[in-house]
Structures are given as structure tokens and as C-alpha cells.
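For reference, the structures are reproduced in the following blocks.
Shared chain: chain A. Partners: chain B in the first complex, chain C in the second.
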Partner chain A sequence: MTASLSKGINSFKEVIDAPIASFFSSCVHCGLCAEACLFYTTTGDPKYTPIHKLEPLRRVWQQEYTLLGKLGKMLGLSKPVTDAELAEWEPLVYDSCTMCARCAMVCPVGNDMTYMIRKMREGMAASGHAPAGLVGASTRSVEIGSPMGVRLPAVKAQMKHVQADTGIEIPLDVMGAEYMVLMSSMEIINFPEYLGAVAKIMKQAGKSWTLCSEAFEATNSGIQIGASDIARVLVQRIVDGAEKLKVKTVISPECGHAFTALRWEGPNLIGRPYTFEVLHILEVLDGFRSAGLLKTTGFEEARLTFHDPCQLVRRGGVLEQPRNLLKLVAKNYVESADHGKMNWCCGGGGGVSAIEEAEPLRLQAFKIKKTQLEETGAKTLVTACANCRIVLEEGLEHYHMNIPVVGLTEMIAAHLTQEKEAR
Partner chain B sequence: MTHLDLLTFARGSALNWALMVFVAGVVLRLFEIFSLGRKPDFAKPRSNSPGSGWRTMFTRSLPAQGMMKHHAVSYISGYVFHAGLFLAIFFLAAHIAFFRSMTGLSWPNLPTPLVDASVVAAMVALGVLLAHRLNSPVKRLLSGFGDYLAWAVTLLPLLTGYMAYHHLLFEYTLMLALHLFSVELLLVVLPFTKLFHTFSLFISRWYNGDIFGRKGVAS
Partner chain C sequence: MKKTPHPEVIPGTVGEGLLQRGVTRREFLKFCTAMTAMLALPPAMAEVMAAAISKARRQSVIWLSFQECTGCTESITRSHSPTLENLIFDLISLDYHHTLQAASGEAAEQARMQAMKDNDGKYLLIVDGSIPLGNPGFSCIAGISNHDMLVETAKGAAAIVAVGTCAAFGGIPKADPNPTGAVAVSDIVKDKPIINVPGCPPIPVVMTGVLAYFLTFGSIPELDSLGRPKSFYGDTIHDRCYRRPFYDQGKFAQSFDDEAARNGWCLFKLGCKGPVTYNACATTKWNDGTSFPIQSGHGCIGCSEPNFWDAGSFYKALSMPVSMTPSMLGAAAAVGAAAGVAITWHNRSTKAAAKAAHEKVTVQELTREEK
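This part shows the complex of A and B:
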């Protein structure tokens, strides 16, 4: 499909719904949302004010869906949205918004800017104003099966590797397994320890699980770029895989936006509820913990803190589970200021980490994370999102901070009772 | 036309017209919002946050965690202005008498000097907010004609009411007529500017609370 301004404007018109109309109607231009945005607070540049990033969408709403706006348009008094303007807005809608939704938590009139950015990106993509990095990731996802170009043989190679490492067989395409485990490409390429950790935990808990050869990738660049047609194709793969294998639960990996895509957007993308349940790996682990199926031994000695992935916590509701799990294995666990639902984003969510041009700004925005971390005095940073993890690692390296970043699932797996006994 | 004629007009047909525009405008604006509808959400909501939309309608009146210290000017001036305006509209003895003459309903009033002080506080707060709007780069970028219009039509009823009560500038009857005209101007402008947040913020807060609540994050 070729992109054009008229397609973009039509897409804007399509996505505007009652919530968006109420948000734009309510905005009093108080600017408080700026203070919640990591890009504004670290640069002081007013153009990063969240509601300002939505200005073209607001004008389309006003000109198309309000009486005064329509009159103004008829009389030629209103400023139409142009291609040049959308080009100017591209860095505001993509590079400098991680869809972290911190602004939506502080807005006095209750505007959910993230809800609107997500929808506005549909029109940006349709008008040809999506960043090249995200376009590439989306194309690879549809054509190859993963945004980083990972194919099934790479997954099989990792399965073999993990099998050799742990002595546990990694099940593939097992009909009727209780859990179907998904991964993100980041985990397949950069963090293979995730799969090993899941294998050990499932073995100890005595649960049946499987990978699926047709649906191993959980990430969904369609929801980041704002292309629901692509997002639908990617979710449908997982739904087809899960329904074919007749699994009870699909486990979203340590990846924030994959959880949003699968748990919250997926049913709406395919237009029906799922026949299976979707849980984040931390929800599964905390469920095991409360059922007494997660037996751990020993504690982490280092002072450590947890980075709440935005999509998992603020926009996903998985808030208590990581804390419950950390308490199992860490004695010296400290919370950072603004933790939990008010946590600051790593700076790379919402597809930002895939946008090359956005890197200098992202590293500048990381200063807020840096300060937040330094205040805790933590020696280890734990998180539960592979994208946060890589972005945090890059940020820490950039600022010469020697703090290892660990995935919570693998930290739990390292403390499993059977693991220690086997040594 | 005498001052009394002017006041009679202000209290009579001018008020009726203004109220008609106001009610029609509010209904139209609400229709513009709700007629856009919302797609059904097929994602299974978390069960631990029912009523989040309704709660958020009220809880959003409080500053979010950590925000007060960064934005004390906006928050404090905002509270002082809204509280002062609310007290003046609904608790001044003269206003209650006016509402009773129109609707037959009445309620206890607050001492007039207290309401007078709250009006002064509200006007000072409006002044501070305007200065902040002109000086804060973020607010300046977001502001346009509508913002300054909204500011002016909100200040005028407070100012003319204060001047009428204290017999300043013009003769009382004329000042009272001007006060009524300023209120009528506010009524006519409200539905079509950001002042419509008086109504729509309950809708936007509800949606926000509902969207977050379904995901298990009570706001």
C-alpha cells in the first residue's frame, strides 16, 4: 500500500473516537504533562510536551468533528494539516515518545496521551511518516517472522544449546501442553538464558509447556509503528499457533510491548476474545510462588533495585508480582523514587530503540534513569523486559556506570532448589 | 435607555438567550463527543479494579505523586481559582436569592465577606496563572487566542461582581447590568472553548480511569 497524505488524514479521522474527542475537549493547556515526560524533563524543550505531540491529530478532530471547526473549515479559516507538518511531527510522535503513559497518570483532566499517540501513529504510518527503523522491523516481522530477522532454525539452534546446557529437553509443538512459551528476538539473540530459565522453572513446577514452530516471536512492531494490519497478522500467528496446539495459557516473555500487543490489543485486532489465557511470565512465576511450586534457596547479596517496564507495570498491571518474586531471592532490595506505576521509562520503549536517528536524544533522556538509579545506590539492576534491558545496558555503558542488568526470570531460575542441589 | 432598562434587559431576554445558547451548546458538544462512540474491548479486563472510571473522576482532582513540588504555581493557583469561583457562584447570598427566583431552590449561604475574600483570591490566582502562561515556555507554546479569551471571559464576572458589590467605577445598577452581561458572555463562550472542560473533564477522567482500570492500574 502506498502512503499518502490523504490516507494519513483518513486514518486520523478513523481513529478518532469518543475518548479522544473528550480528551481534546478537556485540555486546558496547563502543560503539566510536560513535567511527566522524560524527553521534556531532560531537555527542557517545550516541543516535547506530550499534548503538543498530538497537535495535527487535534486539528483534524476539531476540523472534522466539531461544529465550530467545520464552520471554520468551510469558510477557509482553519489551517489544514499538511505533509510538511506531519514530516515535522515525525520525531515528536515517534523518536520522543516511548508510549510510557506517565503523562496520562498526571493529567488533571484525565487525558490519556498514550492512547492518542498509539492511534495517531496509524495516520503517520499511512501518510508515509514512520521512521525507517520501524518500517524495516515491521517488514522483517511480516516477511521473515521476527523484527530482527530471526527464523525458526535460529530458535532450534538455541533450543539445542539450552538442552546441552541444562540437560532439559525443550519441547516443541507439543499438543495440549498447559503453557505455550513465546520469546522476543532480543531473547533469542542476546539473552539465551531466558529459555534455559523457563525450562528449569517449568521442570521444578512440574508443568507441561511447549514452544511453537509457527509462533515463537512475541514482539509486535505493528503496534509500535502504528499499522494495525501488520499488528493483526503478527497476533494472528500466535492465536493460530495456540489454538492449533490447544494450549491453556500463552506466556508473554520478558518484553513490555509484546505483552501490550498480545494481552490488551490482540483480541481487538482479531476482533474476538481469545480461547486461551495470556499471562506475562512474571504472573506465571508469581502464581507458581503462591501455589508453592517455586522453591528457591539462597539470596542475592548485592544491593539491587527493580526497573518497572512501563508496558508491564503502568500499562499492564503487573505491579506486585515482581516485588513478590524479588523478595524470594533478594535481601538487599531497594525501591527507587517514583517506582511502580510512576516509574520513569528506560527511554527505548514504544519502538524508540529501533529508531537510529533517535539515539542521541534517547541517551540524553537516560539521564533521568541514571539519577534515579544513582539515588538507590544499587549495584545490580533487575528488570523484566528484554528491550528495557538492552536500552538500560546501553545507557549505563554510555554514562560509564558499572551496573549489571539482569532479567528477573533468570535470577529466579538461578536460585531454584534443584539447581543448587544439582551442583 | 436608563441603567434600569439595561438591567431589566440583562436579567430578561439577554439572560434567556445566553442560557439557550449555553444549554444548546453543551448538548451539542456532548453529542459531538459521544456520537463518535468507542469500539468494544475484547481483551479480558483484570478483575481487581472495578469502578476505576468513576473513582478517577474525583481522584484526579488531587495532584499525582511527585507533581506538586514541580508545579506548585499551577496547582495552588488552580485550586484557589476554582474554589474561589465555586464559592462565589453558589454561596453568595445574592446569588442564592437569584437562583431561588429562577428555580425555587435555595440553600444556606456563606458570610458575604468570606465570599468576597474568595473572589479576590480567585482573581489574584487568575493573574498569577496568566503571568505563568506568558512566562512558561511550555504553556506559551500550547496557548492560542482561545486560551486568552477563556481567561478574559472568566475574569470579567468575578471583576464586575466585585466592583458591583463594592460600588466601584459605575453606579450600582449599571455595574450589576454589566456583571450580568459578563456572565452571559461566559455562558455563551463556555461550550465552544476549553472552558467546556467544566463538563468534559468528567468524561475524559472516566475514560482514563476505565482504560487504566481494565489493565489493573487504579488511578
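This part shows the complex of A and C:
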């Protein structure tokens, strides 16, 4: 069995639902979405207009689900979607869309282009037009357990390091713990500080928590490549792990799309509600803060700003929490232009950072981030998504900007009141 | 200031009549300018109109009243006298009008026959009221049924003005269940130009405007699909309503005595038919430009539209054309629903087939066979 055009077209027909039909029929071709798009604004190329990226899907909708379209198809007036066309569209649907949803915010008729791109990718994946980078990541996720190929021994090794560093034991497979902590493989490999930070914070808050040996990976390549069948397998692992350990809450790590996958898409993918709650780490930390469980001392002196990850702020509604937390530890915090709901994407979301061919375009698109950052005059950039973090670091390095990028959780952890002082 | 010389005064013309009544040229020109503006004619036409009207022979007019309430006549006579509109009316030769003429009985009918004979092919016939076809006895004048009188008088008319909704569209007499079998003028007379001036009653200035046009150009103004002069019936009340901005902002009165109503917000939700009613009320207004129903706090009832009486409650918000009868609406809704069901069924089956044909996407199947 291989991917084929007929599978792709069938998949298009399958994903077209009432929202998509109403989005296509209500588009007024105003082009406002272009101005909101990272890739259009930095290239000026009209092919990057968000709604245009959906053209093959639109034609299938028209040919299969509208009266005139059906007639046109019967009379041979509209051209069918071909493999060549989908191949042409691959860079538009994947490389140049981070599913950041900025376009959906400005659409005057309320069209959710991100929703449609997510659905369109189902057909692209089924027809074999997904980028190799994402195919690889998906394959590793399913076969090895993590898009970056991280296995449990690697996690255990890291747990040992963190234990040695912090003197706090990292719990694994603890039945009935309140929180189950997930990580993204980026955090396991590139940012081990995260696990240590969580351990310190949990200890201070006096909460029980655990990692799960069967479900430590939070990221979901199935969502990025756009294959619900694959995404379902990956979500099911976490659900099985959490339900086996009978935890109350699963904490999505500093990762954007993992949160979207688990919190918003997950229950629909598995077809039932969870028996546990899903929160982003920032939601948990802000909850601790308002309950008085987060005690900090000292402040960051450097001028710093926050990069809102798209999936948290626009798709997830996590807007106030990072600001509440930053106020605890930052004296010199500045907002960038377009911060919050209209923040510009790092350029690597929606799987784009895993697509090798997309790198030149991604670095070009980073110019907008660069300008946004320069205007703030910030010396440190804080964010809450490991993917944003690595993409930002690469972009800053490419443009020779010496600005460190820090995860908010570890910044908070660095300011926790020491036990002796607390007592 | 340069003094405009008085145009030549020809005896027996409207111009002479006006002069005799002490109407100054300035006042007359003002009237003509207002009329040209109202009829949406180029400004230069004011002079043309003034010249034409002042030189015109008194136009013979026969006014027939059938199944009506005399409201249309009231509307014209109550237009603030002495205005130029009234004078124009005085200065046409109104040869026959039940309510207004002094003659009665044989003499009255004699006047009608005389006018028809003297001005054969040139007189203007104004009709208010609908015509019953059910039984000639339902409404007759001097022993002549409305139907016969209309047919007889229409024969020699230059044009017919159907004044009021009854004459134009059948109006209230035609409302369900239409006991008299009432019909509009246009249902009977097919071979003469008919200008419909609907309204219950019509705005006086609209009636005089139509007459002024006829006197000036000797032809009828441009009409819409329902035979109404476009210059007065070209826009909906809603499009010209001073409360329109509230509608656009979604600010609606919910009852006649709430805060929103006192603030003058849109009356759409209280049943205003402004959006589907074509008339000039919102621009020319009533009682010498004093006000119109919406300005006085009541929604438009759509009185100048066909079948307005049968279009449901005046107090129920409605956004469908009132010209459709309930049975037509029902039929249209049924056809629409059936088409919707058919299309939905077809689309659902397309989607169900696609679902059934779904082949699970596994990581082994993400690539194509190289050809």
C-alpha cells in the first residue's frame, strides 16, 4: 500500500465539513489574510496568500459539494485536481504555513484558514505530498516513540543527570500522582533545564507528580503532517499512560502544537472525553501563583520581552498567564509590537521547522521577528515553546543577534525561594 | 440682480391662471425647481418645466372613485393650502370628481360625457379605488358598474393614473378573502399607459409631481416593474430612513416604550416594513414635510406595496418581500426546503462514500511509488 492521488482526493472529500463549506462560500476575496501572513509580508509573493494555499481543496469542494460545481464537473468545465498540482502546492501547504492563525484573526468573514490547512494536509499526506522531513518525524514518532528518535533509556539518563544536579528525585510511573508531566523531545535533547525546573517548582508547591515510561513524549507529528490516523495513535499513548497511572492532570510542556494536539484535537481524535484534565505548564504555574504556591526572590535585571507562541495565544487562549508569571521575576519587562493575540510567528511552527527545504524561506520570514525584537531593545527573549525557542535561536544566530532565548518555566525556577529561606 | 422677464402670458393657460391668483413667478419657479429635483430630472429642466406648464392649456382631468375610502382625495385636499400643489390642482380642469364637484345626478354624468367628448384622446384619467368583478352591484355610480364606467372612460384617455394602493394593486378591498372580487385598474385596462401611484394614501406631492411631469412632457415618467414612477419609488423607505444608522449598528427598539424606542433606535424588530417598501415617505415626508410614520415612532406598514394587508402582522419583524402572498411564500419555502434536502442528501452521500472509502494512513503509506 502506498499513498496515491485517489486516496488524497477521497480524503479531501472526507474532511470537507460544514465549517469548510461555509468558509469557502463566504470568502469575499478581499486579500486581508495576505497582509497577516508571515510569508506573504516578507516575500511579497501573492502565492503565499493564505486562502490561495487552499485552492485545490476549494476546487474539490466546488466540484463535489456545490450544484454549479457538480454541473461544471459533469460538463468537463472545471479541471480536476492532479498529482502535479498537489506537488506544486506542497510548499504552500507545508513550507509556508506555520498554522499560526494570524490570518484567521483578520478575516472579516471569520474564515479559519488554519483549520482548513490542517484538514487539507490530510489529503496531502494521503496522496504522498507531505515533505520528507515530516514523513520522517511521523515515522520515528510511531515506530520509535519520538519524532527525534528519543527512547526511554535517553529519558532515564537525563533523569539521572537532573537528579544529580538538583538533588531531587525524578518520579517515574507513580500511581495516583496529581500531575503527569510530558516533555517534548526538543526538551529532552536540547533543553534539559526544563525537567529540573519542573522538579524544583513541584517540590516547592508540594505537589505529587510523575513521568510516565510509556508516554513521555508530548509532541504529535500526526497533527503537523496532517494525518489523523497517526495523530490518534500518538494521542492514545498519552491517554493510556495517564489513565493507567490514574493522574488528575496531564501537563503539556513548553510546546505549542503538542498543547493543541492534546488539549483541543485529542478527545475528537479518540472519540471520547478524557478522564483527566490537560493544562499547559504555564496554566499550571499561574494556578500555583494565584494559590500562593509559587514563592520567588530576586528579579531579572536585563530588559526582556516575551514571544507568544501562536498555538498558546491564538489557538489556546494562554495570554495572561505568561505575563502574570513574568511580573514575578522581571523588573524590566517590555511588550513588543503586535504582542499577544497578534504576535508574529517564529516561522517554524506547524511542522515547518522539521522541513529541511523550508529553511531559506523560514530565515527570510524571520526578518519580521528580527525587526519586532530590535524595536523592543530587549536583551533577553523569553518564550514558552521549545520549538519556538530553537527556531528563534537559529534565526538570531543567522542574523548575528546576540540575544539569549530562555524558557519561562526555567526562568521562574531560577528565582524560587530556597528552602532554607522559605522556612 | 437681473430681473427675469415674465414669460409671455397666453390667455386660458395655466400661466394666466397662476398670475390671476397672485402666484409670483419666483414662487412658481421654486415649485418647478422642487418638482424637477423630486423627479430626479436635470436642474436645467426647471426652466423647461416652468415654460411648459405656464403655456399649457388647462389639462382636462376626469377622476373616478370606485371601491375606496376617499383617503386619497383627502390626502390631496389636506395638503397644506394654499400651496402650489393645490393651485396646480385648481388650474387643471378637474371635470369630474364625485367628492369635489358641485354637480350631482344627471348633471354630473353629463359633465363627464362632455369632457370625454371635448378632449377625446387627450384627457387624463385618475382612478382611486379597486374594481369589483364579483357582482356589478357591489359598487356602482349612477347605475353604471365600476367596471363599465372604467372601460368606457379609459377608452378616450391619454393616460391613466391609478392613485392609491386600491387602484394600483387592489389594496384593502382585495385583501383576503376578497369578498367583492376586487382587482386593480391594470387588471382591466390593458391598452393605455397606466401610472401607479400607490400608498394608502399616496403622498400629495407624489401625485402632483406625476401631473407636473405629464403637463411638461406630455408623456409619462419612467416606471418600475410595478408601474410606479422610479423617481418616487426608486428606493426603499429603509434605504432613506434617518434611523438607518441604528439598524446598521444593530441597535433596535424591542418595545414601543423602552429606552431604545425613546432614543429613536431602529423599529425593524417591532415590525417596520421599511426594508421592503418602495416609497418616498422618508424623503418628502408628510404634512408639508413635517414628519412620517417612522419619525413619529411607528414602523412603516408597507402600505404602498401590493398585498400589504395580507403579509402578516404589522408588528412582526419581517424581512421577506411583502408582495408575496402567504401561499406563495409557503410554496417557495417548500421548494427551497425540498431542494435543500436533495442537495444535502447528495452531499451527505458523497461525504459518506468518502468516509467509507477511507484507507487508514499509516507511516508506511506516506510516500508514493516513484513512477
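Heads up, the rule we're going with is that the second predicted complex is superposed on the first by the 417 of 423 C-alpha atoms of A that agree within 3 Å, B and C clash if a C-alpha of one lies under 4 Å from a C-alpha of the other, contacts with A are read in each partner's own complex, and residues count from 1 in each chain.
As a convention for this text, a residue touches a chain if its C-beta (ideal position, glycine included) is under 8 Å from a C-beta of that chain, and two chains touch if they have at least 3 such contacts.
What you see is a predicted model; the values in this text were computed from it and never measured.
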When chain B and chain C are modelled together on chain A, clash or fit: clash
Which of chain B and chain C A:E283 touches, first, second, both or neither: neither
Partner chain(s) touched by A:A125 [first = chain B, second = chain C, both, neither]: second
Superposition-derived comparison: chain B or chain C, residues of chain A touched: B
Which superposed partner A:E217 touches (first chain B, second chain C, both, neither): neither
Chain B versus chain C as contact partner of A:E64, first or second or both or neither: second
Which of chain B and chain C A:T2 touches, first, second, both or neither: second
Chain B versus chain C as contact partner of A:K13, first or second or both or neither: second
Which of chain B and chain C A:E35 touches, first, second, both or neither: first
Touched partner set for A:V135, first chain B, second chain C, both or neither: second
Chain B clash site on chain C (candidates 59-67, 131-139, 257-265 or 275-283): 275-283
Intersection of chain A interface sets (partners chain B, chain C): 16-17, 65, 67
Of chain B, residues touching chain A in the complex: 28-29, 32-44, 46, 48-49, 56-57, 60-61, 63-67, 70-71, 74, 78, 133, 136-143, 147, 192, 194, 196-197, 200-201, 203-209, 211-212, 215-217, 219
Contacting residues of chain A [partner chain C, same complex]: 1-4, 7, 10-11, 13-14, 16-17, 64-65, 67, 83, 122, 125-130, 135, 138-139, 141-143, 225, 227-230
Of all residues in chain C, those that touch chain A in their complex: 343, 347, 350-351, 353-355, 357-369
Complex interface listing, chain A residues touching chain B: 16-23, 25-32, 34-36, 40, 44, 46-47, 49, 51-52, 65-68, 104-112, 115, 263-268, 271-274, 277, 313-319, 337-338, 341-342
